[in-house]
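Given below, in the form of structure tokens, are the structures.
Two complexes, one shared chain (chain A), two partners (chain B, chain C).
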Partner chain A sequence: MKTNQELLQERTERFTKTLALEKTDRTPIILMIDGFCAVHTGVKLSEFCSSVKRSSEVMLDSVKQLGDVDGVTSAFAVGPIFPMIFMAKVKVPGRELPDNMLWQLDEAEMMTPEDYDTIINKGWSNFMPSYLKNRLGFDFEGALEQLAYAPQAIQNFNDAGYLVYSPLVTITVNEYLSGGRSMSKFMRDLFKMPDKVEAALEVIQKENLEQLRQQIRAIKPQVVFVSPARGASEFYSPKLWERFVWKYIKETADMIIEEGVVCDIHCDGNWERDLDYFKAFPKGKAVFECDGATDIYKIKEKLGDRLCIKGDVPAGLMVLGTPDEVYDFCTKRIQDMGYGYILSNGCTLPANAKLENVKAMIAAATGK
Partner chain B sequence: MNSKLIEAMAELDEDTVLDEIQKMISSNAAPLDIVADLQEGMSIIGKKFEKEEYYLSELIMSAEIFEQASALLGENADSGPSKYGGFVLGTIYDDIHDIGKNIVGTIMRSNGFDVIDLGVDVPTEKYIAAIKERKPKVIGISCLLTTCFDNVRQCIKEIEDAGLRQDVKIIFGGGPVDEAAGRYVNADIVCKNAQQTVDYCKKIMGVN
Partner chain C sequence: MNIIIFGGFLGAGKTSLILSLASFLIQKNLKEVHQNDQQEVQSPYLQSPYLVIIENEIGETGIDHKILRSGGYEVRELFAGCVCCTLAADLTVMLNEIADTLKPQWVIIECTGLAYPGNIADTLNRYGKHSDPIRIVTVVDAERWEELAEVAPILVEKQVQEADVVLINKIDLADDEVISLVEDRIHSINASAKKIRLSGSGMIPGSVWREITGANGSSEEVTEK
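Up next, the complex of A and B:
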């Protein structure tokens, strides 16, 4: 039997080659999971959400039981700290919600147009922490303290033989404002005060990139996860998309790549219209992560010789499908995508996915 | 007919839309005429969307303007008899996604349906109360979370238990909703977008 260290090495090698679109023994499988692990191991979601440490322990437990997966996208559940990413409140089980209900982002118009001025004049780092604390009632310091456990959480997965796909996560800056203003109001701002929104975004972007660069140098991850959460082409006219979404994806990815790291672009929703833009990235330096909404065959056709592709297994299939359907779906993806594909969930595996379906997905990758 | 209002609506020029409405209100124009102009503007928007001159961003903006305009008109906006009867719409409880629902609501409204929007995180009792009070022919349930499919199923079951199921058609929609999900929750039909919803409702309500 292989030791955990040997397993980790084997999986890392397979993964590294896949990122570079090189030949491997088999397609790697990386699960994007959180709440599912609590359900799987019989832990209440309230307990699961009680800390970064606890969610990570439960996730590791669950993954060990699942067996031969190459790794996980994240080493802990991000949901409870969503306010730091989306600038919106989150309802947490055991606090605002019953013990066994999934956490929920509670998006509302919490940021005002006047806040754009504050951000422009005072800077993002002067605005954001107090906004989180005072306007959202979010325990910012507490969250930072909890996040200090993240390196240990990653280490624990590695020690158990699993790789952690993206130890560092960032969001495209427009999402901060879109989350804080609420998506519809933000859209309205893009029509009514585009220049002001842009000025605020520039301020945030500058600070964000600087901070991210320092983090990359400190952590030295293999992949950085960039989420343009609601940046899909389907949401925006080409003009707005280019100005308010793509610009920030491109700048962020360029910096990450410049630092010698692979950039994962988490593309939920339908991006078909704008796939050509992604040809801007050098071969093997970026991953197109999709959730089933963009036709993966179109991605493959346009970007397959350049970008690694990850994801696509639909959330709905994992919940309502049968193990045979899941197995067939995944097997077909593996065959059709060839090298440079990571079998993974379309965004997060739903908490109520069927265990047999997850097993079927793993079996499709491992051939066991 | 106020062509300036229609055009401003179609061009998503919120300030002019609200200005024109104010002017029309002060010159005692009938609220229903104002609504008719807005709907005319909305249908131009719908066509532009089909031709890919407009995108979701524009639809969301149009929904925003429509909402502001309706607020100006207040109660008067839905005082008259609607062309095709009521359509109750809401996002199922535990789910707060509303962008798609709002678009469906706006497009339905601009096609002359009387849309009763119950909002998000809607408990079954609210659907039942709305069915009893407003007697819609169709209700639309939006759900973007697979974790809420069971809620929709339960909600439809309770509507049935309350003896109201035979009087309404239930349309189910939202990102991850497909035919299998529709069968799972026992909806009458699954609609993938706003236009399908309009077409289906017209059929049900006997409009050509």
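Up next, the complex of A and C:
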């Protein structure tokens, strides 16, 4: 029987080769999970969300019970700290919601057009913390204190033999404003005052990249997770997408790659129109992570010789499908995608996914 | 169980129109109950909500649940933890539970403005327990059409493409020439959809909701939002 350290080494090797599009013994499986683990282990979502430490403990317990997965995307649940990512309020179980209801983004127009000027004149780091505290009522210092546990959470997974796919997470800067202004108002801003939005984004991007570079050097992750959450081609015209989404994806990914790290681009929604743009990245240095909305066969056709592909197992299938359907779907993906594919959920595994479906997904990868 | 899915971009006015439709359906139900009482026939809908509204919008003022519940219908909230990748599955689970427990006559689903109602209908049709056809109503903001068609052309076009009925809303905020252009554009995207001009800020003629629900009634009825 292999020790946890031997398992971690084996899984890391499999994963590293997959990122580089090289031949492996089998397709790696990385689960993108959070709330599911609470349901799986019988822990109330309110307790799960009470701290970074608690969510991580529950997730590790759940993964151990699930068995032979290679790793998890994150070592703790990020839902409760969504305000730091989306600049919008979040309703949390046990606080604004019943104990067993999944957290919800509570998006509204919390940033004003005048805030663009403040960001431009005073800088993002002078605006953001007070915005989170005073406008969203978010305990920013408390969240930072909790996040100090993140390295230990990652270590705990590693000690148990599992890799943590992306210890470092960032978002493309347009999402800060889209969440803070609300999607509807942000769209209007792009139409009415694109230059001002762009000027604010440039300020945020500059500070963000510098901070991210320092984090990469401190943490030395293998992969950095970049989320252009609502940046899919289907949400923007080509002109606006290139100016307000792609530009920031490209700059961020280029910096990450320059630091010797692989960049995972979390592509929720349909990106089919713009797949050719991703040919700009060097072979084996970026991952196209998809959620089933972009045709994975088109991704494979256009980018398969250059980018690792991750995901595509639909959330709906995990909730509503049968274990046979899940097994067949995953097996087909593994066969059709070949090397350079990581079997994973399309975005987060729903909290109400069926346990037998998750086991079927794992079985498809491991052959057990 | 009749199901109507309301789609349309954020701020198009879906919530106001859903409230108006809900009011129309409740009035219709009260009339039926009254007629049944006179004939001493027990209505099956007196024991359970006649109408359930499932809200899934982000970034907008929600429906006042207390007011609606006193009117004889239920409101369920459904928000994805992330953006909208789990929406169709969660909706199906909720709808199946509603079909098993509440057994309402009508269910109105308000989709998030970033969702494609047709994709949601596909999932509901595949995994849902209902048997009646689903109707898709897409609400378009006449005043913002030009802006949104420029900013998010794929999204707004696909939302229109999938509709059985397109409600061209906020016509009080746009001039006739703009409204005609919007209507022509919508027709070029989806020629078969019924197009109806209206203003959700005022009174909605009952004929609009009869067109969507297939209900009978007098053409003079109006419903408030």
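Methods note: the second predicted complex is superposed on the first by the 368 of 368 C-alpha atoms of A that agree within 3 Å, B and C clash if a C-alpha of one lies under 4 Å from a C-alpha of the other, contacts with A are read in each partner's own complex, and residues count from 1 in each chain.
Here, contacts are C-beta pairs under 8 Å (C-beta built on N, C-alpha and C of every residue); 3 or more make two chains touch, one makes a residue touch a chain.
Everything numeric here is computed off the predicted structure, so don't read it as measured data.
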(message) Clash or fit: chain B against chain C, after overlaying the two structures on chain A?
(response) clash
(message) Under the stated touch criterion, name the partner, chain B or chain C, that contacts more residues in chain A.
(response) C
(request) Please indicate which partner A:120 is in contact with in the superposed arrangement: first for chain B, second for chain C, both, or neither. (result) neither
(request) May I ask you to decide whether A:79 touches chain B, chain C, both, or neither, giving the answer as first, second, both or neither? (result) second
(message) Contact-wise, after the overlay, does A:355 reach chain B, chain C, both or neither (first, second, both, neither)?
(response) neither
(request) Would you check which partner chain A:190 touches, where first means chain B only, second means chain C only, and both and neither mean what they say? (result) both
(message) Under the stated touch criterion, which partner chain does A:319 make contact with: chain B (first), chain C (second), both, or neither?
(response) both
(message) Per the contact definition in the header, classify A:235: touching chain B only (first), chain C only (second), both, or neither.
(response) both
(message) Using the superposition on chain A as set up above, list the residues of chain A that contact both chain B and chain C.
(response) 102, 104-105, 107, 183-184, 187-188, 190-191, 234-237, 240, 293, 315-316, 318-320, 350-352
(message) Which stretch or stretches of chain B touch chain A in the complex?
(response) 12, 14, 54-58, 60-61, 63-64, 94, 96, 99, 102, 145-147, 149-150, 175-178, 180-181, 184
(request) Note which residues of chain A are touching chain B in the complex, please. (result) 101-102, 104-107, 183-185, 187-188, 190-192, 234-238, 240, 293, 314-316, 318-321, 350-352
(request) Mind listing the chain A positions that touch chain C in their complex? (result) 34-35, 79, 102-105, 107-109, 182-184, 187-188, 190-191, 229-230, 233-237, 240, 268, 270, 273, 291-293, 315-316, 318-320, 346-348, 350-352
(request) Please name which positions on chain C make contact with chain A in the complex. (result) 9-11, 58-60, 79-83, 85-86, 88-90, 92-93, 113-114, 123, 126-127, 144, 147-148, 150-155, 158
